[in-house]
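Next up, some structures in structure tokens.
Look for subunit A in each of the two complexes below; its partner is subunit B in the first and subunit C in the second.
Right after this comes the complex of A and B.
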């Protein structure tokens, strides 16, 4: 039996990837099993999904602690999640990154393969949905599954044009990863899990049905979930506050300018208003600025969607 | 025919081939995919049933009760808080002897809020008068859905039945399923032939008032019907086996128990992991075995006795707690063995609550305790995290 663990973020299609892998294995004549571990079901939150492949019926139902293969859909997870925990000797880690295998922050002894799946997906599919690209890479790098079956399972799930583009992306990744390569590294021992940080001795114990330290969402820096970030056009902005109200992570705040800075902003806005470039509502509140808190903005794009003047553009984050 | 699909979809397809007339359900995770798939089948014209949208689980069960009393074949599904909200009407369905079939996508109960898998929801409905079976895998969940109609509608039982399947662990898992074919199901499951129906031309009382002169006898008959269900379930399983090639046997399944000294007992999907653990330990020469309790109500006392008499020790894994006592299955296993010739040492383990993973290691530790312990503590919580506990 071979066990695959997929690390991704909510919205990247990690669960779908695990399912498509299981369906492809079934197409190849194997028994397979795919299941997710759901944590918080939020776009951008770390997600784990699992697939088992076997020649015999699979009865085991526990999560996968000693994978043969690990797929990392988002390289920013490497610092946040212990992605290589339990990796079997000879195991392979496939990472979505434009960097080389030695530079993604994974233990140098591990056979790591990187592929710029985001780049391939953006180029071919036009969206940063990397799961099908990584399945092509998995087929190429491991030989556990045929690319034909991967394609078949992708087309069954996504009929029409979308499916065809996903197949193209998977094929490209397959070709890149199945190319001849240098002799592989081998780890002799199973990769140990990093020791989990101990729970604080006070405050987080459960006392009579209550956890003693609320407000922990402040410690969850959702900013590293981001693929896109919002760019505000503060000249056109009419300060209606819709972006601010609708931000699920309270990552947009109002900053009021005072004194000289406020006067300067007002003067500039009035000039623009005279030339008819901006609306009166925008000019009137020029001393109010909206600022983004990058530590918490997860790039969901709700602000851009809600903005009545379409003054917020979602831009691809440089990582 | 083998196909790969999600467990929820497999159950939806099993419901389809059972040809229900009325489906009433309220969505709740992790049951949602099942009823979404069924409503899709109905909307697409692939299942000729009435889908009644309701405002709560209490109403879902009430709709099923009304529909079933008119002679309709009915289906619903729920979990956790939804099942708890149904509690009151579950007793009505059983007391009125209506053969409603329900899937329970097992999930923990609040508080604290938890959407993950354990068995507290259905175990808490133990005394509602419903037949309760627990599936080990998605093919069994699908098979038992079709069998449930035949068992529930049998004139000897005429009792509602819930098919319990682990939330997420089964409902959200993709695996190969032996999909039931319509023509074979039609030959196995005839249309529902109720004894009594609501009919204005032939009035009868359903769910009527019963004073102390009558109430006990109603309850006695209800109880007797559940006891009789044991025979019906075994017969139906055998008939199913003849047609579909999968006979689940009686109300328990024994695994490598013949010469076993130490036997672990469990319900539901963890049994797969348990069987793998038994194989590993057998390979090391340990004489261990496993028992899957397929039916929790009726409880298979005689089968448990014959399987466990003479073994050295029995360990029971419960994914529920009867707070203030112990795991509910553990209590029943002990009661079943009361007075048997050589009572084994017995240990209860509470594990896998609220989605905490049950692994081979969990079972290894169970067997270790059975083999070495002097029975100081009979019942314990496995895999507890002391660092989260208040110091006493």
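Right after this comes the complex of A and C.
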């Protein structure tokens, strides 16, 4: 029996990936099982899903604590979650990242394979939905499953054009991952799980059932949920405040410049106004700056959509 | 804390809450608390906003806050309001309920009716995302006609939810309470005014705030406000006040947009544009929207005479 644990973020299709993999295993004539770990977290928050594949009937019903393979759909999870916890000796970790295996932040003793699944998905599917691409990568890297079965499973779930694009993305990842590669230099060994991170402020006593302190959700940096981030054009900005007003995460701040800095900003704005590059409204309030708080912005794009001068662009986050 | 030139006051609903990116209800709560200020006691019924704001041991709330059950937020609020009175602490702040549509128009109805009947000095606010979102998009009494949800799925034999949206503001008004209002997260000024009226009135107030959920309704997270505005511009969400039983201040939709503009952007209505017979359904929705706009206009005109 082989056990696979998938780490993703809500909305990235981790549960679907686990199910598609299980169905592909049926196609290969194996027994399989897929199920998610349920939490209250929403789109963007860390989630986990599991798949078991076996030549024999599977009687085990527990979560997977010691996986043979781990798929990480989003490299930002590596700092947030202990993705390699319990990995079996000789196990493989597949990470969606542009970076090389040595630079992705996973213990170098672990056999890690990286693939730019987001890039592939954006190029072929046109959306950063990486789950099917990573299944292709899994087939290529592990040989546990045939790419044909992955494709069948994907097409059964997503008929028509959408399915075909997903299959193309999976095949591209499969080809990249099954290509010959440098032999592994790392020593493979079991790595102990890290302790759970603290959520309560330092020195705070936890009273069961009671949330003792207000505003403590700020300890959770939801900024690592995002795929896109807003870029502000502060020169064109007319300071209407619509972005601040409409951010569900209070991730945009108004910052007022004083003294020399304010004068400098004003002078520059006046010059730009003279050349007709910016509007009067913008020049008058040059001492007011809007700043993004990247720790919390989830990248929803509301601010960009509501900006009346289209002065906010959503850019792909580099991870 | 050092003030580094930031002019915005402390957020009473803090960052770090776990609502989905672009969540309309989360933005609604930001707006509600900006309008009320810190002098409130908030009671939350179980639902998305309670769950995403209180992952133990953290809290997103910077005001006194309590989680009731799914069904009894109005009863819990009633107890708090009376306790404050008995303790002579009513001036410490207004009791405000913030609950979802399921917790309000379905399971919470009985407790709300009691609260209205007893005349508690409470502002009850329902953020209306038109289904049970916390548990994965099941229909509620507030789900609009023809919306596809997991318990009213569109398919060969159904166009989705076959019941009309329950008129909760009318039910609230029928209790003879002093203030009832509807508003939308897409109209922050209107929302602020109405929340402030709701908390300053003496006695029970009921507010229903239309708050799109991009996950359940199926639209791009950037479009939350755009969709909220379209609901009003197409006449599918009406904004008005009922003050001491009188319908007033109906927001005029000057040139109302065709309902398709609202429907076509959402996955929950996508079937209407694909299924045979969908067109006739859209016509039914259009007729309802138009009739709604006309009805409110006529009543408002009569009232103002």
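Definition applied: the second predicted complex is superposed on the first by the 223 of 319 C-alpha atoms of A that agree within 3 Å, B and C clash if a C-alpha of one lies under 4 Å from a C-alpha of the other, contacts with A are read in each partner's own complex, and residues count from 1 in each chain.
Following the convention adopted for this analysis, a contact is a pair of C-beta atoms (placed from the backbone, for glycine too) under 8 Å apart; a residue touches a chain by one contact, two chains touch by 3 or more.
Values in this document were obtained by computation on a predicted structure and should not be read as measured data.
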Touching partner for A:253 - first (subunit B), second (subunit C), both, neither: second
Partner chain in contact with A:33 - subunit B first, subunit C second, else both or neither: first
Contacts of A:19 with subunit B and subunit C, given as first, second, both or neither: first
Which of subunit B and subunit C A:217 touches, first, second, both or neither: second
Touched partner set for A:263, first subunit B, second subunit C, both or neither: neither
First (subunit B), second (subunit C), both or neither touched by A:62: first
Which partner reaches more residues of subunit A (counting touched residues only), subunit B or subunit C: C
Which of subunit B and subunit C A:45 touches, first, second, both or neither: second
Doubly contacted residues of subunit A, that is, touched by subunit B and again by subunit C: 199, 206
Residues of subunit A touching subunit B in the complex: 18-19, 22-23, 26, 31-36, 38, 58-63, 65, 198-199, 204-209
Residues of subunit C touching subunit A in the complex: 4-8, 10-11, 13-24, 26-27, 30-31, 51-63, 65, 188, 215, 220-226
Residues of subunit A that touch subunit C when the two form their complex: 10-11, 40-45, 199-200, 206, 211-222, 225-226, 244-251, 253-258, 293, 295-296, 298-302, 304-306, 314
Residue ranges of subunit B touching subunit A (in the complex, touch as defined): 4, 6, 111-112, 115-116, 137, 168-169, 172-176, 269-270, 272-273, 275-276, 357-360, 387-390
